[in-house]
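Note sheet for the following structure.
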């Protein structure tokens, strides 16, 4: 399965709905395909300028390493030297904070969502809400 | 006036409507704010992977030089050495083909739209249609 | 369909067999997946050092633009300013010479092969021979 | 002695055999020559996208610093500031985790193997198994 633009836009709409219900700070939300290339993106009014790059780095990090950035951030705490070198190896294509979540379909990774703007925990909640709203499973991330 | 996410999404929706009416090849469409930062983005199913980067470079080039990429591409033909050096100077943040168009409001530049996927002429037509559909003037580009 | 390591290695073996039959200069051959990420690579003894980067840029250019580098090189002749800017936009991820060929399965692009070392024509012949040897269609490139 | 493509492919085949015997996670394996340039590469099905870059950075780091990445990672723990600066100095061409091992012949460094995908310890075991299978000594790494 290829992640369609329609599915990506549904994920983003669901994530932003969840953000407004929580009165989250303004967010940037990006959805990448399985190769790490952008499918859709939205930056809410008032979100600061780095949010696109950070959101993309979260999503790309999740795809590139095969885990959510929550898991990666935990692992990085125990091995900071290696994960700092990984950041340089991949040219900054990873950000170690929750909010980067894999999109799976029938067990396969079909893409990732990345959110930045509020706390990592809030960013991730909105990401998971977006996946659920668009009909994607979020169990494998737990 | 700051270009809102709502306005950016309306521009993209209008551009993609125009693309489907013309049976254009799959497009990537990006809208940047006045600082050149992404507000919204969509890549249609089947669009090749560089389309995001090229669309962004068209939009960024338009903002960066203060003219549509149609005008820039014409000027580049008459002075290729200078414009090649500009490409290097700005780290590839410009693509010399029609499809990058400034978004203006009350005379001020509030952002730009960039499209890639079909011919430059078709990309630009869809960009102008998106601006018109969202209620932005396109006269100043002519 | 995802391009497997087994398929990628079969393509490379077939391409190198063809190269030896033609007494081609030493080649570098890379196979990328649909997202442009390397699956397998081989550089023959005596191939010069840039061959990996050029082979990869041919394969990535084919995927990124959705056409073989033979077609892209022809188009670039008619619009050099634009294609020079594209080279910068994508950070050098394209090389305008034959030898980058899409790998298709059931109509979908599943990857690309890139070869560098001999003339562009010879590089492309070996690429097509590799695809044929591994059971992939090469018709859509003609 | 120059590391031949044949030798590099034997090392990779041996490493992947060892990986499958251990039921390791999907791996990426790269072999570089004495100048740090890729000779051969393979990414197993299911390995995540950064694995090529990380494997290459392990192998390049080993060649660049003249020690296995196990030794380098140990040294980095005791002097993190310096090794972080090295990471930046060499543009991300090093990853501080076991799995990057020098290939020696008659005492001379002729190349390096880098593996990423499982734990650093498992990656390194597979690298050493690949060297042994291809008839290279691994004693100097101990």
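Note that the chains take the letters A, B, C and D in the order they are written out, and that residue 1 is the start of every chain.
To be clear about the criterion, a contact is a pair of C-beta atoms (placed from the backbone, for glycine too) under 8 Å apart; a residue touches a chain by one contact, two chains touch by 3 or more.
Being a predicted model, the structure only gives us computed values, none of them experimental.
Engineer: Which of A-B, C-D or B-C has the same interface as A-D, meaning more than half of the contact pairs match by residue number?
Structural biologist: B-C
Engineer: Between subunit A and subunit B, how many degrees of rotation does a Cα superposition need? Round to steps of 5.
Structural biologist: Rotation angle between the two copies comes out at 180 degrees.
Engineer: Count the C-beta contact pairs for A-C and for B-C, then tell me which is higher.
Structural biologist: Counting C-beta pairs in contact for A-C and B-C gives the edge to B-C.
Engineer: Which whole number of Å gives the spacing of the CA centres of subunit C and subunit D?
Structural biologist: Distance between chain centres, rounded to whole Å: 26 Å.
Engineer: Measuring from the mean C-alpha position of subunit B to the mean C-alpha position of subunit C, what distance in angstrom results?
Structural biologist: Roughly 30 Å, centre to centre.
Engineer: Would you mind listing the residues of subunit B that make contact with two or more other chains?
Structural biologist: Counting only residues that touch two or more other chains, subunit B contributes 49.
Engineer: Of all possible chain pairs, which ones touch?
Structural biologist: According to the stated criterion, the contacting chain pairs are A-B, A-C, A-D, B-C, C-D.
Engineer: Given the complex with subunit C, which residues does subunit A contribute to the contact?
Structural biologist: Within the complex, subunit A touches subunit C at residues 33-37.
Engineer: Report the residues of subunit D in contact with subunit A in the complex, numbered from low to high.
Structural biologist: 48-50, 53-54, 57, 73, 76-77, 80, 83-84, 87-88, 91-97, 120
Engineer: Can you tell me which positions in subunit C touch subunit B when the two form their complex?
Structural biologist: 35-36, 63-66, 79-82, 84-86, 88-91, 93-94
Engineer: Which part of subunit A faces subunit B closely enough to touch in the complex?
Structural biologist: Listed in rising order, the residues are 2, 4-5, 9, 30, 35, 37-45, 49, 52.
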